[in-house]
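Should a chain be cited, it is by its letter among A, B, C, D and E, assigned in written order, with residues numbered from 1 in that chain.
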Amino acid sequence: MSDAASSARGDLGLSHLTKSYGDFTAVNDLSLIIPKGSFFALLGPSGCGKTTTLRMIAGLEEPTQGTISLGATDITYTKPYQRPINTVFQNYALFPHLTIFENIAFGLRRRGIKDVDDAVNKALDLVELPHLAQRKPTQLSGGQQQRIALARAIVNRPALLLLDEPLGALDLKLRRQMQIELKWIQKEVGITFVHVTHDQEEAMTMADTIAVMNEGEIEQMGSPAELYDNPKTAFVANFLGQSNLIKGSITGSDGANQIVDLFGQKISLQKDRSHAVDNSILAGIRPEKFRISRLETSTSGNVLTGGKIEDVSYIGVSTQYQVLMPWGQELMVFEQNDDGVAPFSVGESVNISWEPVFTFALRGDDDAEAGTEVNPEEDLEEE
Amino acid sequence: MSDAASSARGDLGLSHLTKSYGDFTAVNDLSLIIPKGSFFALLGPSGCGKTTTLRMIAGLEEPTQGTISLGATDITYTKPYQRPINTVFQNYALFPHLTIFENIAFGLRRRGIKDVDDAVNKALDLVELPHLAQRKPTQLSGGQQQRIALARAIVNRPALLLLDEPLGALDLKLRRQMQIELKWIQKEVGITFVHVTHDQEEAMTMADTIAVMNEGEIEQMGSPAELYDNPKTAFVANFLGQSNLIKGSITGSDGANQIVDLFGQKISLQKDRSHAVDNSILAGIRPEKFRISRLETSTSGNVLTGGKIEDVSYIGVSTQYQVLMPWGQELMVFEQNDDGVAPFSVGESVNISWEPVFTFALRGDDDAEAGTEVNPEEDLEEE
Amino acid sequence: MNTLSRWFGRNLLRIYAVVAFTYLFIPVAYTFAFSFNDSGKSNLIWKGFTWANWQNPCGAPEVCTALGNSIKIGLLATIFSTILGTMIAFAIGRHKFKGRSSTNLLIFLPMATPEIVLGASLLSLFLVFQINPGFWPTVIAHVLFCMSFVVVTVKARIASLDPRLEQAAMDLYANERETFRRVTLPLVAPGIAAAALLAFSLSFDDFIITNFNSGTMTTFPKFIYTSAARGIPAQANVIGSAMFFLALAIVIVGQLVTRKRKVS
Amino acid sequence: GSGGGSSENAIRWGNWPLYLDVDDSGKNYPTLQAFIKDSGIDVKYLEDYNDNDEFFGKVQAQLKLNKDIGYDLVCPTDWMAGRWIRLGYAQKFDSANIPNKSNIVDTLAAPSYDANRDYSLTWQGIMGGFGWNTTKNPKGIRTLDDLFSPANKGKIVVLSEMRDTIGIILMAQGVNLQTVTEAQFMNGVDFLAQKIADGWIRGVKGNEYAEDLTSGDATAVIGWSGDMFILKSENEGKFDFAIPESGGTISGDNMLIPSTATPEAKANAEKLINYYYEPAVAAEVAAYVNYFCPVKGAQAEMEKIDPDLAASEFIFPTAKTMSNLSVFRALTPTEETTWTEAFQKAAGN
Amino acid sequence: MKKISTPYLLLIPGMGFLFIFFILPLFNLAQTSTQTPVGGGDTGEYEQTWRIANYFDAFVENREQFGRSFLYALIATVLALAIAYPLAYTIAFKGGRFKNVMLVLVIAPFFTSFLLRTIAWKQILGEEGFVVPTLRSLHVISESTTLTSSAFAVVMGMTYNFLPFMTLPLYASIDRIDPRTLEASGDLYANGFTTFRRVTLPLSMPGVVAGTLLTFIPAAGDYVNAAILGSPQTKMLGNVIESRYFRIVDYPTASALSFTLMISILILVTVYVRKAGTEELV
């Protein structure tokens, strides 16, 4: 076993991976390469096939089609225990008959390691639960169980670690702390992480590469900044963070920029940030890029005039505004609460401005609402 | 059954509620009143007793001590099914032998309602899963199961709804959408919500009242803004959002303000925002309240000089800085990315400033690290 | 009053359990009581108290030989049926294979066969093969009917096993054998233990099939049946009661030992 | 025989319960122990011959295949002994080994099924009649009407031994057991079936009827003489026995060596038979079992043991008593089958 | 050489055993059931004549006992289910650390031989036990009513003797139920009874099916209870088969009856299992 664990290191490759349950396709012709030692995050709405993908990589589910390779080795049909891969299960799957200590020691013992105390205690310290070593899993709270599941996988220092929402049941502080520990381990030991998470900040701060999945397929893959600043589709733009998408058309060009008409107001857009295929586009701007100004204030960059504050909500770090534009669309604007200045109030007339460099453009025929909510109709393809 | 469901409406009162498992006290002498129709959020680190508290309210766990009342009725020993209370369980607890449809219809049928189709279908629409009505729970993904658990409870429109991390397995978008729906239902139907969540933003935006729990006890309770702007203890200051806590002493007074010495630099603090008992304090400032400026720029308000950028990290909406102060403490600063100006870089010397009104003060002997991580030693009281 | 009815409400099931166990133990208690009867030949009517039967449990002719045979047969039948039955249970419960449902049916058939049919048809087989009824034929007969019970009991336990736990073990480098040994087996073990206990009880208590296949060898139930005609000696009551208490004692001691181990 | 479970110098004897003298402890058989001691032959005494049909049913397959049946000496009743002999399941005695054979009483010396007593010797003679609980039947039972008196309703047990139960019924109906026809027999069976259907009869049983009397579940029975006298003496007169006015049955149980016994076992069994045909030994057995003693000279020996018993009509019957007792005639194999079936059916089987 | 896969390796020993000691004898039995007697029939000599009518004769002759067997077994099964279910439930959910002890208590009576216990019942319920005189003096039963030698006693004996066979499988499947689903049910307005009917019972159905089969089948084939506690009017098919084997040495009829009993049970069981919605037999 330790043979298997030490050999066959290398990149993880998924090629045309497909998994169907009867008529329903949970993962559809998925191909990607995850470089050795990288931190790869898998994001996507509920039910899009993330868990299924991880289970195939772990060897717990046989693909309906496609292959999985680790380095040069095809592991599609390799037994789970022969893969140098460990998993933190979404449902924990702790062994009910073993103590917490023995749960964590399980993998080490299987690899013939005699003296496990040190490693197990370190793992327990890592998840802040050294005092629970002798309890049974049922005597733990939800978050405690999740941390044990994490410790049980990480203690093995596998070549590849699959994490299925490993921190979902933890409070923010603990989650941040665990994130730091995980990142540290990943760098220190050079483990490849494949991480499923619903916490976008987690994905953004931790991952080298993020893949956004939707209905069994990968929509876009890239570095966090790439995905955030330059999303290719409305689904990605909306799913990862929030976006204001405004229908418009390209009316001209000005050096590296294009001139875009948004309901009669002209703005400019960097050519290399456009994924449009023709003149019809969706212009995208993140809400935090917007600045709001009272009508009398002068503004620079791209400006849209004629806004009206529709809603104000205070969320601690910042304030969120809904601004109704003349063409009837509500735009979302975030302003950080750092200046102690009285915020705008509902009904005020305002202008909105932003730096042109922050504009991105999507195909005009993309669904501006994609990724803002799960669309039940789209799922109906099955049955 | 419907008798019990319709009678006994009113405030939920917990009085000296205690639950022990052997030597270990999970919930300790907890007393509070949750007004009818309010949205109450329970926050706290993993294992602090949130689930246990909810289970006692639902009648699934008998308190070791104390009483629970709903309106004028003592329900401490009332059977779960006689309480007009529904629960969304942390572990879902769906009925494995029933279809999704029947799972949701369960409570309605028990109350003798014949025509359940409409209500069930509406609940399914609400959680965006109408196409899964005829599946069995095991054929659902984690997030889908969680949504069914939510639908199953909500369809009953109970007087009191207990939600134990009901959205934890959902992606951000879906979570936000569900939050809106939940809030809408709560207002519309006048249900009292007791909501356990690890998502602080969720708690902040949704709840009327937040209680922060720690080791079986409530540390502070109040409106979101109150808790955020004016935390009483270091635990709350750190657990709810992030705080910079700087040791200092009160050296004088100036009208409604006190003059505070922070390692030789003077700042001012509103008297009514101090929870200190003597001259020794911990001065607290939220990271987003700080502004960073290059040394040459003039700054107003409270100013701390001599900082050095230690770390910069980009997280989409904003950038986080770690600033090392002359006394060796690292302060955290968030700056929103709204101006397209080149961010500060590591090594730059900077000043930090903020509006005095944002300063709060805690007891000088409070543990500045409390709530930033689980401290295993503190838990060790058991066994 | 309120607390009293609450106490009742809460303990209704426990009270019921006490009543049900009482029902189960009435004849055991009767047997126990009459083990102290100063009965002479026929132990039907209370004739006065004596320790004599307990002081000399093997006093009645053949009774201890019969008991010894029953225990030997019981142990052998338990071992063989538990091994064979557990293997089958795992095959059915953990694998998909061709002929699984007919295998299921075949396992079920011996249970669906009245004992008398089982006993008689087996005897005729032994005779065809020139095998004399006696000890080993009885053991074989017992293995036969105990095996199905073992399969059913163990299979039920296997079915209740969360497959994700075995997957987790595999994920943690345990190969099939180790997964079986470290996760599956410990989790199924209570089922196997229950099956073994059941097998022993069934074998120890069997009369009908034994009656066909044991020839002149006596077993404890056979001894009782044949003595029924001339009066069951009180020693039989002694042995019946002693076996009962022995079974209880073994389990209670076992329980205490495991609890102690857990505590320390 | 082949196989042979019997080791050298040991034999296995299957006999009816309550059929051998027992000491007061209830554990030792004095006459048998004496034999074991004197002869050096170990005898395993098995009291598991409860019912003729049942015993035959259990061993017949082995007999047919000539496999050891687990007994070297058995004790079937006349008609069943006849069947064993007819089917070749009994071994012919070596007369030299049984010089006491001549001690057999004249009435039993030449039965139809074994005219020369080549294969069988009577163990005890049995009278079938009425037995009852004296407190429940203070006036005793002499006729079928007495038996079926309301006080006994639901508490009557009759023998599963067809010839005794139906025989007594038939005689009460005036039928001669030596000439009984199928029609007459079936009449008797119908009578029995009716009584069962009307709830008079609690059970049709083998030797267990004695237990039912003791426990109080039965208050009146069709039973066997010897058992009843044992019960009577053990229970201070609580039970009694009588030959029906209309006549009782008489039969014998016979020692017989199965075809499957080894030659050594056979020789040892013959020694045992010879031993029990010594008048003194026979008297000792009779003094306990109280059955009709088949050995000449035993009455004289009995005088020494218990003069009362020596005078008992039931142990040493006079001609007058004998005249009120009938032997059931031999049945053809076909009759045997159909009559037994009818009887079993009446008994619910 | 092709490797034999795991399930088959696991099956071979047990299945081989079953084939030799169960299937072969059944074939033998099937043959015997169509034989006819040589000579008078009192000798146990039969020849193979493939007389299928044996089955018809055997059934017609004994249809009363047939009916009784199934009726008594059915009543005993229902009673045992009623008694065992709450017991198994209590052990599973309220047993706590006494679970194992209680489970052993359920099987412990086996060790006091079932014959001894049945005979004990016969005494307890007999004329001179304490029950009958008490009931008579209270005028609950009349002087002539007896408790033993009755259908009541036979059914009671069977209920009693097969109770562990009912309790154990019930326990096994009730113990498997996730208590959290029961909590969820209570939370959703189901009272104790409704939770039982809608959640507990459906989830324990495999145990109910297994328990009822393990009780019904042996009960339908039993003859010892009827022999010890019954009267000629309460004889069951088992008694007939026993008497055919042991008293009349009528092997063909006994075999035919055995087969008929087996097949009837199988048919009933199949229908029942289908109705109960469990796919696999037990």
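Definition applied: a residue touches a chain if its C-beta (ideal position, glycine included) is under 8 Å from a C-beta of that chain, and two chains touch if they have at least 3 such contacts.
Worth saying up front: this structure is predicted, and the values here are computed from it rather than measured.
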- Query: Between chain A and chain E, which partner chains are common?
  - Reply: B, C
- Message: Rounded to the nearest 5 degrees, how far is chain A rotated relative to chain B when their C-alpha atoms are superposed?
- Response: 180
- Which two chains meet at the most C-beta pairs? C-E
- Taking each chain's centre as the mean of its CA atoms, chain A sits from chain D at a distance in Å of 94
- Note on the structure: Rounded to the nearest Å, the gap between Cα centres of chain C and chain D is 39
- Could you put a whole-Å number on the gap between the CA centroids of chain B and chain C? 56
- Query: What whole-number Å value describes the gap between the mean CA coordinates of chain A and chain B?
  - Reply: 23
- Sites on chain C at which at least two other chains make contact: 44-45, 124, 228
- Message: Going by the contact rule already set, what residues in chain E reach two or more other chains?
- Response: 123, 128, 242, 245
- Query: Of all residues in chain B, which are in touch with two or more distinct other chains?
  - Reply: 91
- Could you list each pair of chains that touch, in label order? A-B, A-C, B-E, C-D, C-E, D-E
- Message: Can you tell me which positions in chain B touch chain A when the two form their complex?
- Response: 21, 43-47, 51, 90-91, 125, 128-131, 134, 139-144, 146-147, 165, 168-175, 177, 198-201, 204-205, 224-225, 228, 238-239, 241, 286, 288-291, 301, 313-318, 334-340, 354-355, 357-358, 371-376, 379-380, 382-383
- Query: Which residues, counting only chain D, touch chain E once they are in their complex?
  - Reply: 51, 53-54, 56-58, 60-61, 64, 83, 87, 153-155, 196-197, 199, 201-204, 215-217, 332-337, 340-341, 344-349
- Residues of chain A that touch chain C when the two form their complex: 1, 5, 58-60, 79-82, 85-87, 89, 91, 93-97, 106-107, 110-111, 152-153, 156
- Please give the residue numbers of chain C that touch chain E in the complex, ascending. 13-14, 16-17, 20-21, 23-28, 30-31, 34, 44-45, 84-85, 87-88, 90-92, 94-95, 97, 100-101, 103-118, 120-122, 124-125, 128, 140-141, 143-144, 147, 149, 151-153, 156-157, 159-160, 191, 194, 197-198, 201-202, 204-205, 207-208, 220-221, 224-225, 228, 232, 236-237, 240-241, 243-244, 246-248, 251-252, 254-255, 259
- Message: Help me check something: in the complex, which residues belonging to chain E touch chain D?
- Response: 37, 39-45, 61, 65, 122-123, 126-128, 144, 146, 148-149, 231-235, 239-240, 242-250
